[in-house]
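So the structure is just underneath, and the comments pick up after that.
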Amino acid sequence: MIVPLISIILLAPLAAFAIFALLGLAKRNFPRQDYLSTVAMLAALGCSLLLIQEVVSDPKPITVEWLSLGSVTFSMGFYLDSVTVIMLIVVTLVSSLVHIFSIGYMHGDPRYSRFFAFLSLFSFSMLFLVVSDNLLGIYIGWELVGLCSYLLIGFWFEKDSAANACKKAFLTTRVGDIGMFIGMMMLFAEFGTLSLYGDSGIFEEVTTLESGQIAWLSVAGILIFCGAVGKSAQVPLHTWLPDAMEGPTPVSALIHAATMVAAGVYLVARMFPILTPTSSLVIAYVGGITALVAATIAIVRFDIKRVLAYSTVSQLGYMMLAIGAGSYVAGLFHLTTHAFFKALLFLGSGSVIHAFHAMHAHHDDEHAESDEHDDHSLVHEHGSEIPPDQDMRNMGGLRKKMPLTFITMLIATLSISGVPFVFSGFWSKDAILGGVLGQAMASNSPHYYILFGMALIAAGITAFYMFRLIFMTFFGEPRNQEMHDMAHESPWVMTVPLIVLAALSFPAVNILWFNENYIEPPPQHHIHSPQRVYVSPDSKTADANSGISLFGISEAEAAEDESGHDAEHASDGHHGHGPAHTIAMVLSICVAGLGILLSWLFYHKRRFSAEAVATTFRPAYNLFWNKYYFDEFYDGVLVALTVWKSRLFAGFDLSVVDGIVNGVGTVTRDVLAAFIGFFDNRVVDGLVNRVAAVTWSAGGRIRRIQTGAIQTYLFVVIGGIVLIILIFRLF
Amino acid sequence: MEFTLKTFIFYGFALITIASALAVVTVRNIVHAAFALMVTLFGVAGLYVFLQADFLAATQVIVYVGGILVLILFGVMMTSGRLEMRIHIERGQLLLGGGISLALLMLLLTVIANTPIWKNLTDDGSPLTPTTKRIGELILNEKFLLPFEVVSVLLLVALIGAALISRKEVRD
Amino acid sequence: MESLKNIESLAYFSPEILLVVFAAVVIITDLIIKNRESEIVAYISLVGLGCSLVAILITNSFISNNEPISLFFGMIRLDGFAVFFKILLLLATAATILFSLRSEELDIKLKGEYYALLLAVTFGMFLMASSTNLLMIFIALETVSLTSYILAGFLTHSPRSSEAAFKYITYGAVASGTMLFGLSMLFGMAGTGDLMQISAQIAAVLASGGVSTLSVLIAITFILAGIGYKIASVPFHMWSPDVYEGAPIPITAFLSVASKAAGFALFLRFFHVGFGKPEILQSIDWVFILAIVSALTMTVGNLAALPQRNVKRLLAYSSIAHGGYLLMGAVLLTPEGLGAIFFYLIVYLFMNLGAFYVVVLIANEAGTEMIDGYRGLASRAPLVAGAMAIFLFSLTGIPPLAGFFGKWFLFYAVIGEGLYWLALIGLLNSVVSLYYYARIVKAMYFETAEDTNGLSFSKGTFALLSVFAVPTIFIGLLNFFYTISDKITLQ
Amino acid sequence: MSLQHYLVISSILFSLGIFAVLTRKNAISILMGIELILNSCNLNFVAFSRFVTPAESIVGSEVFRFDGQIIAIFGIVLAAAEAAVFLAIILAIYREFGSIRPDEVDTLKG
Amino acid sequence: MLLSLMIFVPLLGMIVVLLLPRESDELIKRVTLGFTLIPLIIAAYLFINYERSIFGIQYPHGPVDWITAFNIKYYIGIDGLSVTLILLTALLGPICVLASWRNIEKGLKAYMALFLLLETGMLGFFASLDLFLFFVFFELTLLPMYFLIGVWGGPRREYAAIKFFLYTLFGSVLMLVAMIAVYLNSNVINGVAEGVRTFDILTLISLAATPGHALADPGFQMWVFLGFFIGFAVKVPIFPFHTWLPDAHVEAPTAISVILAGVLLKMGTYGIVRVNMAMFPEGLAIFTNGVGIVGNSLALLGFINIVYGSLCALAQTDFKKLVAYSSIGHMGFVILGLAAGNSEGINGAILQMFNHGVISAMLFLLVGVLYDRAHHREINGFGGIATKMPVYTGITTLAFMASLGLPGLSGFVGEALSLLGAFQEFELITILSTIGIVVGAAYFLWTLQRVFLGQLNPKYEDLPEINKREILTLVPLGILTIVLGIWPNFALDMFSESVTNLVNVLEAI
């Protein structure tokens, strides 16, 4: 059953896109592309749900030979374990809901059909990425989702900001992808395959490595992680994601919140078995820094979608941190919960925007004209202009106008803020915090304590800015009465997905994650350090890892550590049961409460003025407001350098290489020919004339060039004879 | 080599030949040059006699002096329009020409001096014998018939050509 | 090998005799028919060439087993080599006669003399190709030269033509005088005029120290002046652009092909037979000198051709360059080198004559020899332009045109002797040459004419054009011509 | 009166001829130079014929050496023919250019 | 025989076209199309019926004696590598005829005739098994190309045409020397010449592997390798011999640019594989396995091509020039892959050759479509035309994505394999070369943005959408792009056997 099911999952969306593309060539549209795509997606969802039962305890990849090059064979195939299935469900579910939402949201768009076709293509690519059993397949899906992201961000390409954003997204992620590709090349060069599973797969081969040989593996792991840095918008390649909000909001929900950006996390989780302590730590740091940096930026945004975007970046950092800290399952768990609540938040914000912008004048020219000169810059500056329908300063008091939207978004906000116990977000976040702290305690490494601190602060800030969003949008008085009057609750096609997603924000729905038997632990082997803390949120036995036995690279040290940490370690896998989780839970509840409280004081009660605080901490505010100047840095340095350099190159090409060639040509043609002509006409003659210069000047004659004079020729003849003889004598 | 009348005459001829040749290439007046050339040609004819080439000497006198030289003089007369003008020879050209000629002469003299088989070949003093008959046989009946015939064609061609080219006007 | 005596030789000499006879017939007919504009003399000349061709083929059949026949007491020799060149020269002459018929430049009243002179010069060239005696060599050379002077200056109403003739004869007289001096030295060293004996004798006296290498070298160099001027090799080439430009176009074509071919015949016979002995080469490596001369010749020719604007003059420089290529093969002393020259000459005959024929046609129709006059020819006369393009690219040496195969053969021979540097120079020269040939093509194809009227040509013109164009395309592709070139040897 | 005497004379004649050809500013003078050259060649031939060549034939007691002489005869004839044509061309030049200065006949160049 | 038929049918077509009356444009076009379709059918037949599992020459014709004096034979045949490129050539034939359907304003007859001649040259080149024949066909493409650029090209066509011609001729000259040297040494064993010399490529390959044979001498191989390599490098083109390419591509009419990029460049790399690598592995080894910079030189050239071509492309404002420079970059991957000398590298390089042929053909066709409408190619002069030409934009996006190496499309597979292969041999160079991938994405996306996205330039309010004929030219290529992206074995299968063999030879060194 697996193969047909997966085939349907993959092919249904693909077919939806293919029909659009083929008809498009004939300049026609499928009349109801929206239904077509949606049905395809629902079919995929259904099949994914059926797959839950198909997962066996010891999955084997199902492969076909894709490329055979004599000695080397590349195969393509599926690998289906519980993680895959969960990912499939998440993707198909969110995708289906976004499809449905879009039927309402995109209604009336001139490129309505195309939108759905692109969504289908995206879904296909994402699903392909998820099920692939090898790096090459993952890379293919990886790049394809990038393409779809590009197409969908630039969906309203008339807006220059959108056109810039899509290009930026693609390029930035591609930088990361190159790293990933180099990592793949390293793995391939070492193992001769890109398959992950199976007897000769990378995961099997990697176990044969001696622990002294893994320095390169760390590099490879980090390089692969580079791909995730790009795709999952980790610092320093995160700048594209906020700009990607130029795309239609459902796209933001699907691609830039729930699925594609999470693919990076998924990739790192998949590559878990090859991560060495060093690469793990790098991943964890990048994740931690991202979580903190993005959260701080989010505080000061006014664009509702950008707040959510930075929030996404921050949450993705969280997940990375989790995996880097060894909490493999926690990361993936958070991925799932985040997918739901963040999709919900985006769709909710879409609903708000939709309400504010009933006319759907998406491509009104209002904010397009400032970009005329952008033709000349490779990467465009990044939406300093906030569209009015997304500006939270125009909102307020919407909760009465849009109750359903308000309630669902509130649920998501509570979930993301980590309000305890009833919301899934709390559990997943807590699992991460607990995992990191557990790791810190297990390894006794200051790094992980630092990381835990960062995560904790980020959690508090998250609660703060999320409630800031809620307060500014739904509470208080409407700030822009005109727009407020226009606002209305969205049609049912848009609210139903909201409700479904809201339901998914409760832990009960994420049942699979709490079933410790269902989640397979990643394969373990000796290259792994004790940081491999396999944390399942609700599993006592989650910490079933044997890798604890070794510490770092040195076996002796590892042996020593083994005894020291065993005790602590045995318990920290389980949330609520080990000291780490208990501490983490308490702390997380505290910071979340603090964040919400502050937000309430600032934005609802207006007890404090945000402006005043901003003025007080001007440097920090500026830093946040300018997003740590990342974009400026890239624009100012890297991009300019590239363009400048390439211009230089082109100039070099035109002037120097061509110049040399032309020069040779010119020398040949002009100089030598002139020389020969000169020789023919002047040298001999010229010699004669020069010797007779006195006569010329005395005669006051203008120098007469005696071309064509026969005696010149005769001089050459006789001179030639003498010369030949003399030359020969010299030899 | 003993100094006899014969040698004296030989040197005389040689001197006349060279001196007149020098005059041919140096005098400004073309008619004088032509007459100097005549002297040279006579001188060479004399040398031919010394080389026991009586027929050749006669031919030299008849053809060269009687034919070519007359032709040259005709040419001089027919193109004398600008003869009165001083022909200005550029000194540089003169020097270069002289240099190259001198270099050539040096080369040739070196060769003459450095060719053993040409050394010490002196006149065996055999008396002058008429060669005409033998030459006639060779040309008309033996080895040199073909060149003779070809040269006759050549002369015909030259005749036609000279007439053709020097003709005043052939335009329609 | 016994030399045949005079009377016995006559039968083998019939091609030459026929030429002379027909030259006489032409003159007599011209006198008889009174109508001096009649073209009948041209056709008589062609008949004469035809008869001569038949005679050549008959005499060729006398040569069995490649054994040469020595005629007239060793004055000339009949062998495959001579036969090859005779046929080649005959074809060139025939082509020249046909060009002359079409050339408006030569639309004059002296047809009888003109064609008689052409036959006479062919006669001289035949002798150049077969002479084996110093005297005969010189006489043959002078016959050709003198007639050529006259032909070059044939347009008595044209200052250019007269100037050409003047320069030609001045240059030629000095060069041949120098050569004669060299011949006299050679005669003095060997004591004989027979080329075969000279070869042996020189080798002997060189070995015995009877003469210094310098003496032989000077003699060779002096003689080279005479032969080099015929084949227009550096530094004896300077007459040729001026003369080619000034002479009537058919004569230019004739000089650039026939005269050059005859010069090469002489060159090959003289140097291969006379100085090809290893004993001589040991002391005088003239091969090296001539290789340099060859490199210089093609380089000078090609580079000087670059800035030319007059097609005739351009082709003159081009033919200097081609002389350089041929010289490459000539210095090799290998059968491959010889074969390459033979093959190249066949090819060169067709492509160069073809190019000149187009020059004749354009001079007739457009009244100009300048490249500008060729502008837009592709639309005004597509077939002519096409043919010209074929000739020019063949001259460049672009496959699949015959010129490429010719060059291939040459470079093959050169590299076979290990002269990589020479081959490389030659090949780079071909690249350079592309530039100026392509300038004409560019004018014809890429530029537009002010005068866009089509030019009309007769059917005969196209027929004649195709006589040159078709072989230019196909010679290289057929095995036949390689076989011929391979067979001919020189003893 | 050895061979070398003659050779020296002819060499001088040759060089003088070359000198004339290179420097004289009159076409007819150039022709004279050419005649000098040809004479020097002929002198060479005859001299070699006298001193170097083997006996061509022996008639009675007389030794004849003729090859060189006959070449010289042909040389004279050729010189005559050449001179005739040369002068004809000079006349044509004179007609067209009004001058027989060689350096004034230079329309063809480059 | 079938192969010969395929090669010479276009030649026959040329004669037929030449005989047609000048005025009957439609007829000429149709006849030409017909005569280009026949080779396509035959090529497709050969491609399908080619026995993939066998290494060796199939469908041979000959050897037939041709020029006996040099033992030159008419000998053609195909192996997997050549049949792939033959298919590409034959496919581009009719496409180019279609692409020339409307925009050749003058001298249509001559254009079509020359095009057919060009096709014969290209097809013959890929099928030749005699080195001399190979060279003749190689050069045979020069003349028609020269005229096609020079007569029907853009404003600077004369310059471009002669530049192309001179460059290529320069290269072939060195090749010719090397070729003669090979021929002359082809019968020398242990310093003794015996037997006949030969031009037979297969024989030469085996001779070059015979110990003691003159051809097997590493020193000799190095020089000959260089000679051939420079000849092919001009064609590829490899830096610094590349400057003819932007000019030629920009000035050439659309269809000719397509042929230039699609086939002519491949002739260079095909030659490198067929002659340089197969015949002179020792020579190759000096430049790929040798010490120091020399040992890395081939890979370095590939790297320079990639980065240099990409950066130059980034700086262009002329759409066509951009595509032209992108070709330089992409051919760099071929060189890099070939330099690797292992199975992945060479397979990838060959696949990249084919893919680049398809993709760059598409790109040039697309540029042509736009040019036909707007009559200029200034990238900055457009803007927002995606609104007016959605289908065109879609196809362009596909082509761009394929070209920038998007996985799932053909461009990726070749590039990735080349890099994978090269990485095993030249780690640093390969890593640096990946810069080209980013830059490649940058210039294509930037172009996409400037031309298609953003506000519609009011000048192009009435821009007509791409028409059916134009779509017809693009669709087969687009399908190939996708098919090869999804199922590269479709082409790889054809030549992987040959490559395995080649790799074995190379590894034996």
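Letters A, B, C, D and E mark the chains as written, and numbering starts fresh at 1 in each.
One rule holds for everything that comes next: contacts are C-beta pairs under 8 Å (C-beta built on N, C-alpha and C of every residue); 3 or more make two chains touch, one makes a residue touch a chain.
Quick caveat, the model's predicted, so the values are computed rather than measured.
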Chain nearest the overall Cα centroid: E
Taking each chain's C-alpha mean as its centre, the one farthest from subunit A: B
Top chain pair, ranked by how many C-beta pairs fall in contact: B-D
CA centroid of subunit B to CA centroid of subunit E, Å: 71
Subunit A-subunit B separation of Cα centroids, rounded to whole Å: 100
Centroid spacing, where centroids are CA-atom means, of subunit B and subunit D in whole angstrom: 5
Separation of mean Cα positions, subunit D and subunit A [Å, integer]: 95
Where subunit D touches two or more other chains, by residue: 7, 14, 17-18, 21-23, 27, 31, 47, 52, 70, 74, 78, 81-82, 85, 89-90, 92, 95, 102, 105-110
Numbers and ranges of subunit C residues touching at least 2 other chains: 135, 139, 142, 146, 149-150, 153, 156, 162, 165-167, 170, 174, 178, 185, 188-189, 214, 218, 242, 307, 435
Shared interface positions of subunit A, touching two or more other chains: 677, 680, 708, 710-711, 714-715, 718-719, 721, 725
Every chain pair meeting the contact rule: A-B, A-C, A-D, A-E, B-C, B-D, C-D, C-E
Residue ranges of subunit E in contact with subunit C within the complex: 65-70, 106-107, 110, 135-136, 139-140, 142-143, 146-147, 150-151, 157-158, 161-162, 165-166, 169-170, 173-174, 176-177, 180-181, 183-184
Residue ranges of subunit A touching subunit C (in the complex, touch as defined): 668-669, 672-677, 679-680, 708, 710, 712-714, 716-721, 723-725, 727-729, 731
Contact set on subunit B toward subunit D in their complex: 1, 6-7, 10, 14, 17-18, 21-22, 24-25, 30, 33-34, 37, 40-41, 44, 47-48, 50-53, 55-56, 59-60, 63-64, 67-68, 71-72, 74-76, 78-79, 81-82, 87-89, 93-94, 96-98, 100-102, 104-105, 108-109, 112-113, 117-123, 126, 129, 131, 134-135, 138-139, 144, 147-148, 151, 154-155, 157-159, 161-166, 168
Footprint of subunit B on subunit D - complex, ascending: 1-9, 11-20, 22-29, 31-33, 35-36, 39, 42-43, 46-47, 49-52, 57, 59, 62-64, 66, 69-70, 72-74, 76-85, 87-92, 94-95, 98-101
Complex contacts: residues of subunit D adjacent to subunit A: 18, 21-23, 102-103, 105-110
